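Two complexes, one shared chain (subunit A), two partners (subunit B, subunit C).
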Partner chain A sequence: MQIDYFYPEYEVVRNKEKCTRCGLCVSQCSNHVHSYSEEHRRMITDDAKCVNCHRCVCVCPVGALKITGSNHQFKHNANWSRRTIMEIYSQAETGGVLLSSMGNPKDMPVYWDKILINASQVTNPSIDPLREPMETKVFLGSKPASIERDENGRIRNNLPPHIALDVPILFSAMSYGSISLNAHASLVHAAVDLGTCYNSGEGGLHDDFYRYSANTIIQVASGRFGVHKEYLEAGAAIEIKMGQGAKPGIGGHLPGNKIVGEISKTRMIPEGSDAISPAPHHDIYSIEDLRQLVYSLKEATGYKKPIIVKVAAVHNIASIASGIARSGADIIALDGFRGGTGAAPTRIRDNVGIPIELALASVDERLRQEGIRGNVSLIAGGSIRNSADVVKALALGADAVYIATGALVALGCHLCRGCHSGTCNWGIATQDPALVSRLDPEEGRRRLVNLVSAWTHEIKEMMGGMGINSIEALTGNRLMLRGVGLNAKELEVLGIMHAGE
Partner chain B sequence: MNIDAFAFDFQELNKEIKSSGQEELNIDNCMGQRYIGCGLSRGSLRIRGVPGNALGAYLNGADITVHGNAQDSVGDTMNEGKISIHGSCGDTPGYAMRGGKIFIRGNAGYRAGIHMKSYRDKCPVMVIGGSAGSFLGEYQAGGRIIVLGLGSDQPCPVGYFCGTGMHGGKIFLRCGQLPASLPDQVNAKLADDVDLQEIEEDIRQFCAEFDLDRETILDHPFHVLTPNTKNPYRQLYVHC
Partner chain C sequence: MNKEGQIRIPSGCAISGIFSRSGSRFDGERIIKSISTMHDRSNGLGGGFAGYGIYPDYKDYYAFHIFYDSTAAKEECEKLLDRRFDIINLSKIPTRKTNRITDEPLIWRYFVTPLPTKLSESQLDEDEFTTRCVIHINTKVPGAYVFSSGKNMGVFKAVGFPEDVGYFYRLEDYEGHCWTAHGRYPTNTPGWWGGAHPFALRDFSIVHNGEISSYDTNRRYIEMFGYRCTLLTDTEVITYIVDFLLRKRGLTLEETAQVIAAPFWSTIEKKPPEEQEILTYLRNTFSSLLITGPFSVLLGFSGGIMALNDRLKLRSMVIGEKDDMVYLASEECAIRVIAPELDRFWSPKGGEPAIFTLNGGENHAD
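Here is the complex of A and B:
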């Protein structure tokens, strides 16, 4: 007997009348759920191995497969859910720290869904983006505090370095190692086509991508993997990763079995060695220390690149951001607690940090109050799911947004949350060459370009509806937002009125 | 070429260094200017005075000599080259350095050699002539850290938590007694001849750099610390 045996969470349902036993599901499932029994001349499924990634369902040429949740259950208990009980069994058996993939799946408030966008009616006419110009270009970086003139009265160019994006959407950091080379290639090429940037993440930059520097943000994290002079030169901007929404306050750990071949080369560490990113940068214990890293990067790259400081949204995020805005950083990236990850301790992911909506609103407000909002641009991430989320983020104070989970979904991710296994059937969170080859970088590029182009058009329509014709005029324009079903405190933090007011 | 650093702030000084185009530069009257030699690929800098934090950060091949003390984060994320300090230095020298050598004649502060890593032909080396503060070689993933304890009256020339999180590389301590509280991930033993061969060249260079007697240094027991597994946290997690 096994105390923790539980009937599988998912059942693979095969329509025997449709199934032609072609065996495609067998060859496509890296989890070995499907097999064909010669002896019994029938298809066999091992439901216990199914992670519900839908690969077999999608490839089955006759539509014979579906995955359903099992109705096997514990006695109903609103407090002790199946997951809670199973986690205890698992920890009692192994003594291990629970580790999960992708963003927080818990039923926590999603403020985007409680915020509504305005539209003009009679006065301030709406704009038709199909027929009238609409500016979606954004410039990220610090803005000079004043206009300077030379002795002849001409305006002196005192503009600090910026990155110019055609759309207010960037692909956020996912390291090579946590995702595949083909996933990275899809992101890079899409960023080039879209006139935006993707982010290398903290695993270094693969040789193939050095040539796309105008569309690349390179990341420097506490482990400093793959960081060297040419790498620093290779980006349009440099991002210092202080924190990540999915795991605020802790570091990262790519296990040695994933440090193979090109990943070892790109991270510049030996094969098989764990890639440990310590929780803090051990040379940063204060804003002054952060300033030192910011300036050492500026010195190393000749003050030509804006420096981004990425932090997780936590309780005192407004004070933290105030410090960062005084550190010499040009851009602050805020990552909300629903942000994704290749792997994070479950308790941290699900319980630490705050929603990006509240963090963003309070940071924007604090920086304005202190008169330093112009010191930095703000990028908001940590679960931007659609173009309406983008518009709401901009109106709450963001200059642009980061998307990552959404981008992976566009590439085929079905959010099965099995990234840690390394057997991603969609060729995204895996380094198995056979699985990686399932993701065609050209197809990935096309789908990402489609997604962001469609969102951009929707953003233009929403902006047009409000009578706004540029992203700049939308950023921080909270009058364009109203809350529904939010209490007075939530509205106060968000800095918006209730619908009807 | 000589640069008198007295009148310059760090930006002006570093601009001057970069724009000089000279292979050999002497910087006099250094008064704590930061980021000197940041990312420098070639040539040599000879500094008199006290350079500020992040001296030689991302250093990529140049040679820096300091006739005086240095401050925090010497050789942060250094890739190649050499830094020698005739005095002592502050905290976190050699943070995440991947290649090149750092020689410190005197003492180093906390977290020396944190997250040093080696890769292929690159093997970073840091030799500390005196003693090192706590957290020496924390998260060390590769390379060699050597602490000689010259002039130290302590039985062991390092502070607490030496090698915490170490998962690669080696630490050589010139002492007859091990640090008081070695973490579980670290194996320690008396260095034998084979071990000592590994640091022979490093010691030779260190002695040549600071005009010290090699025999006196080597005629003393050394301990060598190594990680007891490359994957210290493999057993920690369970997926759910």
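Here is the complex of A and C:
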């Protein structure tokens, strides 16, 4: 008898009439769910091992497989859910911290879905993006506070360093190690094609990617993995990772089983050792220390690159952002609590931080109240799921958005939330060469370019509907938004009116 | 019903302007005739005029035109003025009764100059001191509204059709070298006098036809610099943007136009590298001051007038020239009615400013 035995959460359902016993599901499942019994001459499935990643379903040439939730259940209890009880069994058995991957799956408010976008009618013409120019180019960086002129009266170009993007969408940080080389290759090539940037994440930069510096943001995190002078110079911008929406208050965690070969070399740490970034940067215990790191990085790179400070959305995010905007940083990246991760303690992922919509709105408003919004550009991330989310984020005050989970889904991720296991069947969150080879970087590039291009078309349609033909006239344009089903306090924080007002 | 400032009210409009490059002065009858030709572009809920060069005897003093809802508001406002300014002259603005203009507030005019002690104490220049005072009155003194505050210029506006507003204010008694006019077609207003146009801040006055889609982006940016958009109208925010770019940032009129009606990136790419750099610089630095959506604007200022359309020219605007006179209007008829024979007549392109200044000024419209 086992106290914590529980009938599996998922059932693999095989249509025996369709199945040809070709064995593809057996070879494709890294979790060993499928096997073929010579003795009984039949396919066997071990449902308990299934993570519901749909790999076998997608590869089955005859469509014989599907995964369903099992209907085995505890006695109904609104307070003690299945998940809650199972977590207790697990912790009672192991004494360990619960680990999870990807974004917070709990039923928390998604404000994007309670915000609606405006369109022109009668008094103001909508603009047709098929017939008129519709501009999506954005610059990220600090704006000069005054105009300087040379002796001939010509304006002197005193702009601090910027990154210029053709679309207001960047790929967010995912380290080499947490995701595969092929996933990185897909992202960087897509960024080149799209005229935007991808982000190295905190694991250093693989040798193959140094040549794409114009489309690369390199990250410096508390572990300082893979950081050296050439690395700092290899990006269009440098991002200091102070926090991550999925796990505010703690550092990154890459299990030793993913630290192999090239990853060990790139991170500059021994093979098999866990890569655990400290919770704080040990040279940043206060805002003035951040300023010193910002300027250290600027000194190291000759003041040629904008510095991004990425922070997790927490309760006092507006004050934090205000401090950062006065620290010499050029860009602030805000990461909301629904943002993804390759591994995080479950309790932290699900309970720490605040939604990006509220964080973004309060930061943008605070910076304006203090007259320092021009000091920095804002990038919002932490679950931007589609083009409407992008439009709403920009109208709330972002200059651009970060996407990561959406990009991985485009590469084949089915959100099984098992990244920390290292056995990703889609070749994304794994370092097993056989699994990695399943992700074709050229196909990945094509799909990412398609995704962002499609979103850009949709963004242009929505902009045109509002009568806006350049993306900068959308940033902070909250009058274009209305809330539905939100209370007065939520509307006040978001700085928008209710629908019908 | 909410008035301007409590709710954003879109309007369609008619605009017209007359400018003498030689500085010769003429009374307000011609501008009334011009704007009244476009009667159908207004709906009787707002009309107004701005005249430049109309107060030569007081040309060194700020001329405040103020609406008061009550004598109490007047007393409070005058106390405030007294503390900060030397009041050289004050009087009711002369008006003429007409049954087409009703419910008028108290309308007063003051010629003032900042008290030297207050000015030096403030560490501001005269213009900024005066601007802040105007914004202070308009946001903090209930029932008082300064609707004109420039030197040697004045705004006259009311709820009504523009031709009736001109009659009401006896504009035939004023002579100026530049006049602009506005007929308003708001889609939603209780008819508040302060909400009529032109909108003016010191010597900048704006008449505008359009509905800008970038409104909140522009408003939230400009409010970082001490401006308060109390009326929530396009005209107000455009005036503040112009004041900010010209006065606080020291841009030229052309550069200002390149910010608010910036050329498309595809246009910028075709320019020579030096010009590209400046245009890119301006678009990047002042990205939040790009104005999108339809507009045609006449900006009056001391010594000149600028006409500007949105980048796509989504609102009509034409210009005619005859000798030293320049005529600018929403429709050709409003020009031909006062100047049938023209030396030149054209429609400026979207985003390309037409600038006319006194004493043989420039013209960038070609």
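The rule is simple: the second predicted complex is superposed on the first by the 501 of 501 C-alpha atoms of A that agree within 3 Å, B and C clash if a C-alpha of one lies under 4 Å from a C-alpha of the other, contacts with A are read in each partner's own complex, and residues count from 1 in each chain.
The rule is simple: a residue touches a chain if its C-beta (ideal position, glycine included) is under 8 Å from a C-beta of that chain, and two chains touch if they have at least 3 such contacts.
For clarity, every value in this text was computed on a predicted model and none was experimentally measured.
A.B. asks: Clash or fit: how do subunit B and subunit C relate after the overlay on subunit A?
C.D. replies: fit
A.B. asks: Classify the contacts of A:Tyr295 with the two partner chains as first (subunit B alone), second (subunit C alone), both, or neither.
C.D. replies: The first partner, subunit B, only.
A.B. asks: After superposition on the shared chain, which partner residues are touched by A:Pro433: those of subunit B (first), subunit C (second), both, or neither?
C.D. replies: neither
A.B. asks: Taking the superposition as given, does A:Ile276 touch the first partner, subunit B, the second, subunit C, both, or neither?
C.D. replies: Only subunit B; A:Ile276 stays clear of subunit C.
A.B. asks: Check the residue A:Leu232 against both partner chains and state whether it touches subunit B (first), subunit C (second), both, or neither.
C.D. replies: first
A.B. asks: Identify the partner contact of A:Asn477: answer first if only subunit B is touched, second if only subunit C is, both if each is, neither if none is.
C.D. replies: In the superposition, A:Asn477 touches subunit C alone.
A.B. asks: Quick check on the superposed pair: does A:Gly23 touch subunit B, subunit C, both, or neither? Answer first, second, both or neither.
C.D. replies: In the superposition, A:Gly23 contacts neither subunit B nor subunit C.
A.B. asks: Just subunit B (first), just subunit C (second), both, or neither: which does A:Gly261 touch?
C.D. replies: neither
A.B. asks: On the combined arrangement from the superposition, state the nearest Cα-Cα distance between subunit B and subunit C in Å.
C.D. replies: Minimum C-alpha separation, subunit B to subunit C, in the superposed model is 24 Å.
A.B. asks: Per the contact definition, I'd like the list of subunit C residues that touch subunit A in the complex.
C.D. replies: 8, 10-12, 187, 210-211, 213-218, 220-221, 223-225, 249-251, 255, 262, 264-266, 277-278, 281-288, 290-294, 311-312, 314
A.B. asks: Show which residues of subunit A lie in contact with subunit B when the two form their complex.
C.D. replies: Checking each residue of subunit A against subunit B gives 83, 86-87, 90-91, 94, 96-100, 222-224, 227-229, 232, 253, 255-256, 268-270, 272-274, 276, 278, 282-283, 292, 295-296, 299-302, 345-346, 420-421.
A.B. asks: Touching subunit A in the complex: which residues of subunit B?
C.D. replies: 10-11, 14, 18, 34-35, 38-39, 41, 53-54, 57-58, 60, 72-73, 76-77, 79, 91-92, 95-96, 98, 111, 114-115, 117-119, 122, 135, 138-139, 141-142, 165, 167-168, 230-240
A.B. asks: Using the touch definition from the top, list the residues of subunit A that touch subunit C in their complex.
C.D. replies: 120, 123-125, 127, 132-133, 135, 137, 139, 143-144, 146-147, 149, 154-155, 157, 159, 162, 368, 371, 373-374, 466-470, 472-480
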